[in-house]
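In the two complexes below, subunit A is the common chain; its partner is subunit B in one and subunit C in the other.
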Partner chain A sequence: MKTLRLEFYKIRRRRVWLTMFAMLSVQLLWGLWALRNPKDWELESGWMSLLYVLSMLDGIMLPTMMAVLASRLADIEHKGNTYKQLETLRSAGSLYHAKAVCGFLIITALLLAQLTFFIFLGFRLGYAGTPDVAHYLLSYAFKLAGNLSLFLLQLILSMLFANQMIPLVAGLGGSMAALLLMFVRTYSFLPWGGILSASLVGSTWDETTRISSFYYRSFSPAETAAVAMIFVWILIFYFAGRFLFTRKEL
Partner chain B sequence: MKHFTLKCIKAEHLKLRRSPVWLAFFLLPVLSAFFGTANYQMNQGVLKSEWYSLWSQHSLFLCYLFMPALIGTYCSYLWRLEHMRTNWNAFLTAPVPLPALCFGKLFWAAAITAAGNAWIFLLYFVCGKICGLPGVLPPQAAGWFAAGTLGGIVICCIQLALSMVIRSFAVPIGIGMAAGIGGLVFTNKGWGMYYPYSLYALGMRANNPQMKLETPVFVISCILYLFLFAGISVVCIRRHEQ
Partner chain C sequence: MASKNLIETHNLTKQFGRVRCVNALHMQVPQGAVYGFLGPNGAGKSTTLKMILGLSRPTAGSITLFHMEVNEKNRIRLLKDTGSLIESPSYYGHLTGEENLHILQTLKGCPAENIDEVLEIVRLNDARGKKVAHYSLGMKQRLGLAAALLGFPKLLILDEPTNGLDPAGIQEMRKLIRSLPSAYGITVVVSSHLLSEIDQMADHVGIISKGNLVYQNTLDALHSHARQQIALRTDRPDAASALLRENGINAKREDDYLLFPLTDDSHIAHLCRCLVEQNIALYRIEKRETSLEDIFLSLTGKEDSL
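After this line comes the complex of A and B, so read on.
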């Protein structure tokens, strides 16, 4: 707990929150622009389409955001050359754990802020009915898990490499992979496809009426396995990161 | 001044030597070209304009979403060394004028952007031939390359200014990606010419190869942004000195 408190203490003037919310604000501005003036059929399926749109947007943007977050948390130690000194005060494992939990808490708050804003926007736009609480909560939980897996992967890279170019390029590559996977199919076992796999809403496009219709996906066994894979990635990345970090010559 | 500028370019080259940073410019376009070509092959019923359709598949996401962030990565790398320990002191006490220091970095950022663009076009040609498209590249391709490179240099200038002011390696890259996504909105509204992060994608005619570019407006916009952000960089570096 003390180590975790110190993590927050270390980043208090690093404007990590500001960086994350600045990137989130791009999503918010995009939402204000793209979702304005909805047509009648868009209002009808508004809450469902919102979940769909957010999954797409998050799938593309969040791998890079996670890379930025992990880099901000890890490079403070590289810059100060403090890893060795910190290891004399507490175990390397607990330092890694504290950074992982610190990142998790920031992601939790970030996604909560995003969801709150878009629900507020949905009400302002006059979407029919109310958001389906069960689906929204489940979507939030899956997105949190998907982002945590990406964050842990990025944390490994950011803590192992002093040169932050490597994790950042990996994050950009992840964003691109996530975007391109969307064109292939609705699920993927890769870490960057997790958010896409866990999207609860699907869409079909009618070429004649030029109207998109949305539906809650029923998951096939392969799709369910792809969602389960997110949690497997979390475990793999957490323990692999801890193992590699504790055995690294700092 | 010319002598000093050459010295700075040489010094920056020494700092970049054996750095793997160019690998990112090599790998990400390969990923984009691979998926773009696959998407083109799968949708040939809809995408009927041969070379032009293939270009739209190759360029859209790369130009709007990833190239600004990729350029940002390179620019962050160029300033990374200066932000370490007390290197700013050594950097600012170099016996050369301050604008030459900025220009040395801009030169290499522009060079890698041009090389990255050339690589994108080479991949486009190879993928077109793999798809069995007739002839060589469309005649407009040279114009896309030139305008795209000019637009890319504008992004280099902005990202260099950001990376100079912001000590973090990651934050300017995040800004680059967010600003690139913002470019989609501006271009969609028809304001792309006035938004610096849209200039690259407009120049490359991403997703719209048949688009007629208003070349004078485009060039003037690029030059204005270049001077503006180069000026900001020089002012900031002077303030850093004090």
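After this line comes the complex of A and C, so read on.
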């Protein structure tokens, strides 16, 4: 707990929160633009379309945000050569754990802020009814898990490499690959594809009426496996990161 | 009976690939000592200190700290009573000096007042609220020492602590290190590649060369190895050498000089008189000392830099 508290103390004046919320603001503005001036028929399925748009925006932007977050958290240690002092006071494993939990809490707050904004937006736009609590909660949980898996992957790279360009490029490359794969099929086992695979809403486009209709997806076995893979990635990345960081000699 | 050594290493070895950086080291640091760990660059000093602190895993051998063999389970507990400054100071540049110390104070679990005390000792009180990124190298080094001193540990491990300090700062650091055992009961291990530095700070010395501990004893014992000789220069060295031999002295010829072990003043006066009586012109007579530097070089090999 002490080590975790210090993780937040250490990022004072590093503008980690500011950077994250600035990036989130871009996503919020994008969302605002995409959902502006809804037609009457769009208001009917507004809450569903909101989840659909959100998962698209998340798939595009959140992997980059996770790479930046992990980099900001790890970079302070590389810059000041602090591990060689910290590891005489705490085990490498507990330092790694504190970093991972710190990141997790920031992601939780970030996604909560995002969700609150979009729900507020939905009400302002006049969507019919209220958001489907079960689907919104499930969507939040999947998104949290997807981002946590990406953050842990990025944390491994950011903690092992002093040059933060390496993890950032890996993060961007991975998210591009996952996006491209999603044009081919609706799921991906890649860590960067988890957020899009777990999208709860699908859409169909009617060429004659030029209207999109939305529906809650029922996952095929392959899609279910892709979603389950998110949780497998979390375990793999957490333990691999802990092992590699603990084994690293200073 | 328990050993009086705070640190003992047994056959401590570190190998990177095929290169053996530290070879079967038996280091013994007595309690209350300022132990100078001396060796040329790349001799294995930092690697050894890192192994003692658990930052690097030994390939073979063991380490005893505070009379207990260190293992993965007790490492952090044993290091609780240890402060360290390895290679360069560790710091968060975006935080102030005081905030940096607050992090370590929290992790060490020592009283907050310790921060004021150590800042006072290293004379960083005025810069406590300044971001460390704006500190000079010397100030960062002093902050590193303050961090190591937090909690006033029983053992302090300092790797080249005078790096980056100006001459006044070096002098001050030496004085401080020398005072730590008597003022705070701290045992200090200080590494350096500079013999003169260790000579002025330490009372015990360990000399490492190419991973091997080639000498370990008190500094006084090392000083006693220093030899004193008389060097004599005359116009006819061969005749002078024969005359010295007649007086029971076997002199060694070195360039234009004849060298022989130091003898008392009356004997020297007698030898000079004999040389003059034999019409041998006496140009110079000098007392020469084999310096610690010469001893160090003979132990570590002349090809290594100091």
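Basically, the second predicted complex is superposed on the first by the 250 of 250 C-alpha atoms of A that agree within 3 Å, B and C clash if a C-alpha of one lies under 4 Å from a C-alpha of the other, contacts with A are read in each partner's own complex, and residues count from 1 in each chain.
Methods note: a contact is a pair of C-beta atoms (placed from the backbone, for glycine too) under 8 Å apart; a residue touches a chain by one contact, two chains touch by 3 or more.
Here the structure is a predicted model, which means the values were calculated and not measured.
Superposition of the two structures on subunit A shows subunit C fitting alongside subunit B with no clash.
Once chain A of one complex is fitted onto chain A of the other, the partner contacts of A:R210 are absent, as it touches neither subunit B nor subunit C.
Between the C-alpha centres of subunit B and subunit C, as viewed from that of subunit A after superposition on chain A, lies an angle of 80 degrees, to the nearest 10.
In the superposed model, A:I60 makes contact with subunit B only, not with subunit C. In the superposition on chain A, contact is made by A:K10 with subunit C only, not with subunit B.
Between subunit B and subunit C, the partner in contact with more residues of subunit A is B.
Contacts of A:L89 after superposition: subunit C is touched, whereas subunit B is not reached. Of the two partner chains, subunit C is the only one that A:K2 touches; subunit B does not reach it.
Legend: residue contacts after superposition of the two complexes on their common chain; A:K79 is shown touching both subunit B and subunit C. Smallest inter-chain Cα distance, subunit B versus subunit C, after superposition on the shared chain: 8 Å. In the superposition on chain A, the residues of subunit A contacting both subunit B and subunit C are 14, 79. For subunit C in complex with subunit A, the touching residues are 50, 53-57, 75-76, 79-80, 82, 84, 86-95, 99, 102-104, 106-108, 132, 147. Of all residues in subunit A, those touching subunit C in their complex are 2-3, 5-6, 9-10, 12-14, 76, 79-91, 249-250. Subunit B meets subunit A in the complex at residues 21, 23-24, 27-28, 31-32, 35, 38-39, 61-62, 65-66, 69-70, 73, 76-77, 80, 84, 168-171, 173-175, 177-178, 181-182, 185. In the complex of the two chains, the subunit A residues touching subunit B come out as 14, 19, 22-23, 26, 29-30, 33-34, 60-61, 64-65, 67-68, 71-72, 75, 79, 163-165, 168-169, 172-173, 175-177, 179-180, 183-184.
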